[in-house]
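Per-chain residue numbering starts at 1, and chain names A, B and C are given in the order in which the chains are listed.
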Amino acid sequence: MSITFKEVEHIYSENTPFSYHALKGVNLDIKQGSMTALIGHTGSGKSTLIQHINALLLPTAGEIHIDDFLISVTDKPETLKPLRKKAGLVFQFPEYQLFEETIQKDIIFGPKNFGATEEEALAVAKKVLKLVGLDESYLERSPFDLSGGQKRRIAIAGILAMDPDILILDEPTAGLDPQGAKEMLNLFKKINEQGKTVILVSHDMNQVLEYCDDVVVMNKGRVERHVSVDELFRETEYLTSLSIDLPIITSFILELNKNGFDIDPSIKDINELIQVIGGQIHE
Amino acid sequence: MNNMMFGKYLPIDSFVHRLDPRLKIGALLLLLIAVFFDAGFLGYAILGIFVIMMALLSHIKVSQIIKAIKPMLFMMAFLMIFNLLFIQRGTLLWSFSFIKIYDQALTQTAYIFIRLVLIIVMTTILTATTKPLDLTLGIEHLLSPFKKLGFPTHEVAMMISIALRFIPTLLEETQRIMKAQASRGVEFSEGTLKQKIMSIVSLIIPLFISAFQRAEDLANAMESRNYNPEAKRTRYKQLHWKFADTISFICVIAMCSTLVVMSIVL
Amino acid sequence: MEKIIEIKDLSFEYKEDVKTIDNISFSIEKGTYTTILGHNGSGKSTIAKLLMGLLEKKSGHIIVGGIELTEETLSEVRSQIGIVFQNPDNQFIGATVRDDIAFGLENTCVEPSLMDGIIEEYAKKVNMYEFLDHEPTKLSGGQKQRVAIAGILAMSPSIIILDEATSMLDPKGKKEINSLVHQLNKDKDITILSITHDIEEAALSDYVVLLSDGHIIDTGKPEDVLMKQKEIESLALDVPFAYKISKGLQAQGIKVNNYIDREKLVKELCQLHSKK
């Protein structure tokens, strides 16, 4: 399941005074099975980009290949419906898409839209509910009686139930407390380890550093970098120029290096860092 | 939706933009009544020139007026055909099997066309030259005599202005939820009736839940800022009746009287 | 020091016999930056709503600036406190920035001719002067929250409550709001009460109230409260980064003090490094 963008442009409300050029000549090749972070400022084109992957938006120029699917300017969205199943898109604050009276009904809503039978969908519902860390007793409950964090899990389960090959998440931890965010990210990591491609839109560089393999940096509608996480956080000057915050650990290392230490800024693990600092003080 | 001109404020400066909203609302009401007096084609010609002058004074472009009329064309066509066929007075001009067209039907239909166009253009001038909030303020002032009768003018005005403030937010939200459900395989434009109902439900329920949440948050925010609808408040936006408003008002009265007199005399 | 907020034996329940806030007491000194720290569902936002009189307490006392909050003193208490809520969209009342700042002034019957001056002064203070005639849809989340703060400042409160005010913002917005609030705290001596689950923010405050399931677990200076690793971790929170490093280095036999503030830790480590 590879994702390839070729010279993709997207202009909102083309030929009107309100037109807005959101994507400019985007070329991108996202590896199958990778966990890729998509970062950049609000308004840099991240949301526009991800909505092209499941054909919610069509490019105004260029083309996109998702496996055997071709998304181009002329393709009608109707012929691309199977793509919605292949690429599961979780919007920001997905708890706002719940509407059914029971959790079970809400989770099987997606699979049924794609032609699954009631029994098939139900079997999947039980599986994904467990995956998001809730037990079967929740199936008959109303989603609206749950806490915010639990509602979000249900919404994500609703997407996972469609068994997508690609999972795209727009700021999935916004508003969660640290524990909730950690559990959520571990879930995505687990899904990624099952062989699915995960694309994570995030503002939190600590998450990017800890959980992702590759990073795509967007700025003003263009893809400016597509590198491994290690490489990206070595480019500290570039990140500062985009006023993207460094992860706590990286900025801490830089502060130490400014004052005489000599530590590799791509260290991710706090215990490794402690060893290195200790070593350099003992020397 | 974004291409609709009808009801949209045009953020420019003009003579009409600067007029008091109370005057503009009052004038529109008077002119709307005057339109229905039968002052003959001459009367409509005079009113037409008056409306064109208003449009010129408000710097609205012809293309914008056409844009405002366009969405109404279907309704206008329907009304006109209906009239043309069902009014059977005067002399018969033309007939073909059951279709009979009389001369009075023709004039009546022309009247309806002219009236509708005038109404749309006049309303467009009001909404294009007056900010929604000023409209609300104008309505509140015009309704203030009813306050003594227990009519909650302030609350109504506050409700309207909050609704206006939240329309763009809710439209954005609608789009977001539609996209989220489309990602779960919902097709809003296709499917059987049952599927279509399901699609709408999957949109409406989240929209309501979110709107209620917003309403609760907003109520908390307003109360926290010491809002109390029953208490005395001052108003930031003050309306100032100027000399130009008086002159304009006299013109509108003159126009309306002319039409009324013409309709009686002719 | 003068106590500006005193909470005594406060309890609140949404449902009968389910105590969201269970008999808590604490006080806040004037001019301090206090954080109420707790996980989602710990009851921390409920405290803010109780302080503003938006919810009715079950029992206990809330005293703000020497005035006990009752039905009669509600508007008096509210005029001392400004609150910024979580969702930037749902607290923007006016059609433009100007109208929104005016809203509170209208409620307190400020003379209309004086409003423009006040509005412009506080719009400048929060760096939103050039946006005065913008509509909310054209503003970023951080900008909307800045407008909310301007609207509050225009009513010259002595306390500002931030109810997870930055949790829906991007890093840029977060930074803008945090630095603005710290500046108001320092320059204007406004007491800040920040409700958050960000332990690094708490580490930089003057006083911490640690909340879990409607109970106060601990209160005190951040360097006392946040270094209790077992206690913090039992509440599904993480100890500050600097503290983890200090502890790790001590385990390696390096003599370093415990810190929660990264800047201070860096300073000491660099001194150790240059000494050798």
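We take it that a contact is a pair of C-beta atoms (placed from the backbone, for glycine too) under 8 Å apart; a residue touches a chain by one contact, two chains touch by 3 or more.
Per UniProt, the chains are A = Energy-coupling factor transporter ATP-binding protein EcfA2; B = Energy-coupling factor transport system permease protein; C = Energy-coupling factor transport system ATP-binding protein.
Everything numeric here is computed off the predicted structure, so don't read it as measured data.
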Most distant chain from chain A, judged by the mean position of its C-alpha atoms: B
Selected interface, A-B versus A-C, where C-beta contact pairs are more numerous: A-C
Chain A-chain B separation of Cα centroids, rounded to whole Å: 44
Centre distance in Å when chain A and chain C are each reduced to the mean of their C-alpha atoms: 30
Of all residues in chain A, those that touch chain B in their complex: 13, 16, 18, 51, 54, 56, 78, 81, 84-85, 88-91, 94, 96-99, 109-110, 113-114, 144, 158-159, 162
Interfacial residue positions of chain A with respect to chain C in the complex: 41-42, 147-149, 174-180, 203-204, 243-245, 248-249, 252, 255-256, 259-261, 270-271, 273-275, 277-278, 280-283
Residues on chain B engaged by chain C in the complex (per definition of touch): 131-133, 161-162, 164-165, 168-169, 172, 213-214, 217-218, 220-228, 231-238
Complex contacts: residues of chain C adjacent to chain B: 49, 52-54, 75, 78-79, 81-83, 85, 87, 89-95, 98-99, 102-112, 115, 135-137, 151-152, 155
Chain A-facing residues of chain C, complex: 39-41, 86, 140-141, 164, 167-168, 170-172, 175, 197, 199-200, 236-238, 241, 244-245, 248-249, 252, 254, 262-263, 266, 269-270, 272-274, 276
